[in-house]
């Protein structure tokens, strides 16, 4: 097990130790389950009681909370960021023992270009003209279609599908069940029958992108669907054709992003948010969970839609009144006129 | 084809026959498509007309409906439960002919422990230190990562992915496309760039759990994500990191359960219900379809949110008024004050 | 690269050329990125500025827009339909070089019947008694369970799962991650424990059906789940047990269709629309994105639900008022009575 002294960790995160700089840390824990060797982080006064009695070896916190900490403190400006860096250090996977090359069960096409130390795992199928950058690793059962480009240091955990001509930049992390490059949903009605509109664009994904399990990103109709650098997508998100997602935007699980939606940089989109398509969202927009976006958002800020949860009977009385909202507004107007007279 | 006499079925479900105890039953049917050999069930007066003219050999129903039944009756307290037991008996798969062992195309790592009669199907990949209890069966294309534990009598239909160190109890039934143990969505913003928070917890799933197609259950950030005994999850549900789902809770398809949500025992959650995360739902809570839960629920009962469907033009008039709701409330207040004077 | 003269394309779509009938077309483009060899389409006055300066070789448009077109025109009644036909022609895949037969890594059971020119791709698993019509192609990693029937000219892109006894008609196009025939969600409560209701129906899918990535279609409880001819399903849709989807209905991504919902012919269902189950939707119904359908729809027309997106603070004021809607309505009524006096 990897182990660091608290002073080593402090150096790593540019923090200061209060207490024992030599105490040994070898895992992270929650405050209430911490024990010798644990490091925790503290941010909210809500959890002060847990802090006061923690059995961790050390706690990452801000200066102002030091006096509440019964054990050694690692003092930083942003405990979450420091915790993340510490945990990343403690749980760094030793990749030196991992295999590289092509597993005998994998099936690899012609004219591929694989960088040093690439791993093509069991039962993978990699078609012709695929380029994979050095240190990239494909777990079991991935399917990489013709002419796909994968950058360096990508990790496809397992059962990832990337279809023709799509590109993923460096440092991509892609979870099982992800499908990149399925056809966008283009159907045109010709006298009652639906004709399929050929989807001839691709999917272009930037560097440092994470894509959660079972998320789907469709190829563009004419031009490309684009996912910017540093984008983080959670599980089960649907990204329609010709969507653009700006750099460093994060999207929580189960989003449904309709075709040709343009989302700016540095946005934070909650879970299950819907976008009806063909709209633009500016940079630095936050949208709370389960909102539905039907129009462009031109100003940074926090946006929401949805209605409150209530006990079913009470809810139902309000629910039926929703159908009378316009009428109610007119009646109020009329009452005001009457009163005025 | 398996066949039982009605009296045998009655004994199996602790019911009483009215009519011919010797009639032969070999399949279930809906009332309107029933024929000789069929058994149906009847619960609701809404379907009385179908009952009156059914051509089934027998109908499972309550005492009070016997007089409406033109054929033999199997009388029980709860026709749905009795139907389920009868159907389970009639459609019991004969597993004696099924293969066991490891299909030659499967790839199995080191130090695995497989119980008697385990089946590792074609193209499965099972990594090191995996434990699989007796009678468990992995259909084609499953990927079981290092240190996974699967109990007895589990059935993974096909293409199931279970990542490192996750545990599934006995009698699990897991459908294709399920991903257990992908990383929870933990991202911390460090001066505009998102740092990945290591997800070092696991997923711990109890006994007798069913998990529907393409459902995803993320591993915990520090501690574990937990799914209790007897939980039934439908398709395309997203279970975020550190969620706990209590025993014998059922969740219909497309739910989106935000991280650290704690759901109690014996809850029934409708389809596409969202939970924003970091909230608690007590035992015995029912939530109707498409509700959004943004706060803890501390009392048993039925809860709902959502607004009604209307013809588009009418809906739009009400929809725009939603933005005036607060103003409308204030105007009503003002009118009341004026009237009072 | 395939190339056609504009006059050949005009003949193909029954249109008329204004300008140079001999100009060569070899790809489609958007108006703003067009160049020599490009063909575009124009429908909306909104994009008139792009049209006026396009560098395409030709534009597909209606008679009335010819005067705005700086290059050759292909004049038709419905530019979208004509575009679709042109693009289909230009991007027609040459299938003559594709392999047929069974890839050596595929595993095929007994008593299968494959038509001429069928392709069973790498790592596919096809069980016993499967019938696959001529020219159908299974990409890598598909799993086809016992007794499945696939018609002619089907294309399963990759990693598609079709379970026991399900049927897909001719010309099916099925994207990765699709699961057809997982058990419907049938659970009956027996003294606090959930019993699984055997799902003994199948899934029957018509001809000319497209099914998007990670969509799931459950088998029926007693009778079959049915998807009509010409139906187009986008990604990540959940189709519950015993749902019927009528002919030529299209459903955008992320729909959640509760069990026993009957949807008519020629409907157009937006993204993320929910149906609570056991309801009927007539033919020719349009439902806008993210609506929730809780009751049957008996008349053709456009239907909607949902509430507007607002800046979070403004939204929250209205959101809390939703709980007072019924009370507000009563207070308006009372005010009206008071005024009347």
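Residue numbering begins at 1 within each chain, and the chains themselves are lettered A, B and C in the order written.
Definition applied: contacts are C-beta pairs under 8 Å (C-beta built on N, C-alpha and C of every residue); 3 or more make two chains touch, one makes a residue touch a chain.
In this text, all values refer to a predicted model and were calculated from it rather than measured experimentally.
A turn of 120° superposes the CA atoms of chain A on those of chain C, with the angle given to the nearest 5. Interface note: chain A and chain B, two copies of one sequence, contact each other through mostly non-matching residue numbers (shared numbers fall below half of all numbers used).
Computed centre separation for the pair chain A/chain B is 26 angstrom, with centres defined by C-alpha atoms. Residue positions 105, 123, 141, 159, 177, 214, 236, 254, 306-308, 310, 320, 322, 324-325, 328, 332, 335, 339 of chain C are each in touch with at least two other chains. Residues of chain A that touch chain C in their complex: 105, 107, 123, 125, 141, 143, 145, 159, 161, 163, 177, 179, 182-183, 185-190, 192-198, 200, 214, 216, 218, 222-223, 236, 238, 240, 254, 256, 258, 274, 276-277, 286-288, 291-295, 297, 301-308, 310, 314, 317-318, 320-322, 324-325, 328, 331-332, 335, 338-339. Residue ranges of chain C in contact with chain A, taken from their complex: 27-30, 33, 78, 80-81, 83-85, 87-88, 90-91, 103, 105, 121-123, 139-141, 157-159, 173, 175-177, 210, 212-214, 230, 232, 234-236, 248, 250, 252-254, 266, 270-272, 289-290, 306-313, 315-316, 319-320, 322-326, 328-329, 332, 335-336, 339.
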